[in-house]
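Which chain is which? They are A, B and C, in the order written, and residues in each are numbered from 1.
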Amino acid sequence: MTLLSLLSLQKDFGKMRAVNGVSLDIAENEFFALLGASGSGKTTLLRMLAGFELPSAGQILLDGRDIAQTPPNKRPVNLMFQSYALFPHMSVAKNIAYGLEMEKLPKSEITSRVGEILETIQLSALANRKPDQLSGGQRQRVALARALVKRPRLLLLDEPLGALDKKLRGEMQLELKRIQADFGITFIVVTHDQEEALVMADRIAILKDGALLQVGTPHDIYEHPTSRFAADFIGVMNFFPVHCDGGALRTGKGTLIRATIPDGLTGAAVAAVRPERLRLEVTGCDNILTGRVMALAYHGLDLLLHVETPLAPQPVTIRLTADQAEAHALSPGDPVTLGWSARDTRVFAA
Amino acid sequence: MRDRRPLFLMTPALAWLTAFMVVPCLLILALAFFRRGLYGGIDYTLTWENIALVFDPLYAGIFLKSAWIAGLSALIAVILGYAAAYAIAAMPRRHQPLLLFFAVLPFWSNYLVRTYAWIVLLNREGLIVHLARLLGFEGELPRMLYTETAVVIGLVYNYLPFVILACYAPLSRLNPEVTEASRDLGASPWTTFRRVVLPMTVPGIATGFTFVFVLSIGNFVTPALLGGGQFQMIGNLVYAQFLTANDWPFGAALSIFLIAIMMGLLTLQTFASEKASGGRNA
Amino acid sequence: MRNAPLPLMLAILAGVFAFLYLPISVLVALSFNDGGLPTAWTGFSTKWYGALFANADIMGAALNTLIVAVISTILATLFGTLLAVGVEIRRRKGRFLETLIFAPMIIPDIVLAIALLSFFSLLGVTMGLHTIILAHVVFNLAFVCSVVRARLKTFDWSIVEASTDLGAPTFTTLRRVIIPVLSPAIIAGALLAFTLSVDEFVIAFFTAGAGRASTTLPMQIYAMIRFGVTPEINALATIVMGISVLALTLSQRLNRGGLPGQ
């Protein structure tokens, strides 16, 4: 069931159009990610949902009701701030109780709900601490609890894991997913970290220059990017500049690249393939390429091989497992032959 | 959303400043162009006389004298203050706040009291003369109180803490790695100071100098108490126009020049700060 | 700067601190000197303090100063704080506005003094303590504003939005979030204003009007220095310095270690 509908939402700051005609439906209970680089308009979009910015045009329908003009303190929508925005003069428990006090709930209910949520985030022991006596991870959980305890229809999270270190970030990605499922609340996460979006979200929207570029599941977006930007932004991708002529792709050197070509594409284009789709055993491959190993980079379990080829200005990257790498015993300077299938090739207009 | 609240919050203060600062200052500006009344009042006929009178050699001389004393005081205060700030910044980090606190503390004790302390020291029957006698000095010491030197000492003494504060701010923000980089690249400590530290701390020096100069040139208390009426500074002249000579229009004209000097210096100071920070604060 | 020669630095500090503290230490010492003269120490005594408290003129002036300082501090703290919050939540920074707020702190006191004197005279206002208060609020509010603004520079405005987001109306946010977080700076600003007002001489001198009724302590001190120094003045100086130093110390304390998370 649709919880939130954005209809042609637009926001101008003076002459600058920060959000440009965004239309989007988000379902009840969905974990949705707004992914974009800085300046893509994702934060402005989030702030319009929270009520801190008024749209210049368009509608925000929550449960079918337009809330675009409703002040932030009257919306069943809560925001977890990027800086966490914890009140420095209040204890953890007071911070969490604040939103419930604003609803004028009876004291006993506030106490029990605060206690409950402190259990959930495993911070009961620190209820009387001030924010500056907490670690970054603990602060993050308090901020989450403070927004969550109000049981909003929609919870917005602005770069929720941005301030955490890498290891903690991995743990919290799963934790956020668990909490979202337990509470049954719709989450919209704003992030610039594509990996975070892929891991956590049910669906992802990629924003560029204030407009939606592509909306889909992580699998859709990763495997079937609809634009060169999306292909480049998500994960690692190898690009080959090609020329599309009469249903065939040729590189500048004249090498033919086999792929499914989108309808109507002619002229300058790029062919793209993911590093994990490239193979060193080229038998049965539709496309074959030779080159020279430039560098090997270990990433624990797998290994990235950077290969200099005549086809692309940038080195081509291949992902190998540690076993495969060992079997081939490659070192910089060695000649290699790479192959991949037409099925794994994506083609975009240049 | 946020656009109307600020105005509402600022209104009481801005109204107050307008009523009791802007309007009175505009009034002074207007007064400077009227004639002095026969019995000390104001004759509302427009005239340039007061402005012209400021350039009369007698008064222009007082202006120059005031500027000389203010400039000398500012210069001495900046040299002492910069040295002190540099020394504080060279101490271990954890001691710096306390040292700074004690450097600034005298600034918050009463101005008159601090000036009076120098009367006690410099007096003909004062502590310094007395100490000199104790040390066996026989002859007659030159007069110290009621001299130009006494006024300069008093001004430097009163405003030195502020200069220390102003110079300390950029010195403490200076990344030690920057000076280390300069040493690493082969510069001597003195060259490092001259070509790296000093240019980066110009804003503090400019602020300190401007502050001492502006406060000194309009000061009438220190010349009156430590100069003992031996010579006049602009502050005393303004004071006299309003409280003894009863020539308000001329006093107003003098004040306008005082403000003009102050604004000119502040503009220079802003310029110096912006230049030192690469214009990023502009 | 760690490679600065330490002995030289210590020598500079010793010299500057001696210059700063010797003169006022002499006053404090003299205030306890039985003979009262700087030329000879004739024994410890608190008699000058006794004389001070018996002097009706000085006590009257002290009371006037207290009235002026307290009232002007209250008004200035209120106006200055609101001004600071208003200026900082405004997104556009106006040069004119900045100058207007900055002006009371840098305008030569003699200029503001004669401007107010002319203003009150031409309006036919009888001058007295009330006009001193009006004048003192002008610069005091600017100082309070600057202290509070300094705190607001590092203020995380998202806590204001967080409060709104959690359902609080504007006034509740002001009362429960903004004021408590700013309170150390507000109190520090108030103490600063109080100190400035207690010490201020030039503007009070010009706006006090005629007669002894509105003489403040600095005016009294000025008169005593000019027209006959009595040893009582050392005691008075010591007390006045003590009050200022106490207020400043308190103000510094509050503004530094006050709040967690700064």
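Convention: contacts are C-beta pairs under 8 Å (C-beta built on N, C-alpha and C of every residue); 3 or more make two chains touch, one makes a residue touch a chain.
The chain list, named the UniProt way, goes like this: A = Spermidine/putrescine import ATP-binding protein PotA; C = ABC transporter permease subunit.
Treat the numbers as computed from the prediction; the structure is a model and nothing was measured.
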item: Chain nearest the overall Cα centroid; value: C
item: Of all other chains, the one whose Cα centre sits farthest from subunit C; value: A
item: Inter-chain centre distance, subunit B versus subunit C - centres from mean C-alpha coordinates, in Å; value: 18
item: Centroid spacing, where centroids are CA-atom means, of subunit A and subunit C in whole angstrom; value: 54
item: Contacts with 2+ other chains: residues of subunit A; value: 52, 71
item: Touching two or more other chains - residue numbers and ranges from subunit C; value: none
item: Touching residues (chain side subunit C, partner subunit A) in the complex; value: 156, 158-159, 161-169, 172, 176-177, 180-181, 259-262
item: Residue ranges of subunit C in contact with subunit B within the complex; value: 1-4, 6, 9-10, 12-13, 16-17, 19-21, 23-24, 26-27, 30, 37-39, 78-80, 82-83, 85-87, 89-91, 100-101, 103-104, 106-112, 114-119, 122, 134-135, 137-138, 141-142, 145, 170, 195, 198-199, 201-202, 206, 218, 221-222, 225-226, 229, 233, 237, 240-241, 244-245, 247-248, 252, 256
item: Complex contact set, residues of subunit A against subunit C; value: 50-52, 71-74, 78-79, 81-83, 85-89, 98-99, 102-103, 130-133, 146-147, 150
item: Subunit B to subunit C touching residues, read off their complex; value: 2, 5-10, 12-14, 16-17, 20-25, 27-28, 31, 80, 83-84, 86-91, 97, 99, 101-103, 105-106, 108-121, 123, 125-127, 130, 157, 160-161, 164, 171, 174, 176, 179, 183, 189, 197, 211, 214-215, 217-221, 224-225, 235, 238-239, 242-243, 248, 251-252, 255, 258-259, 262, 266
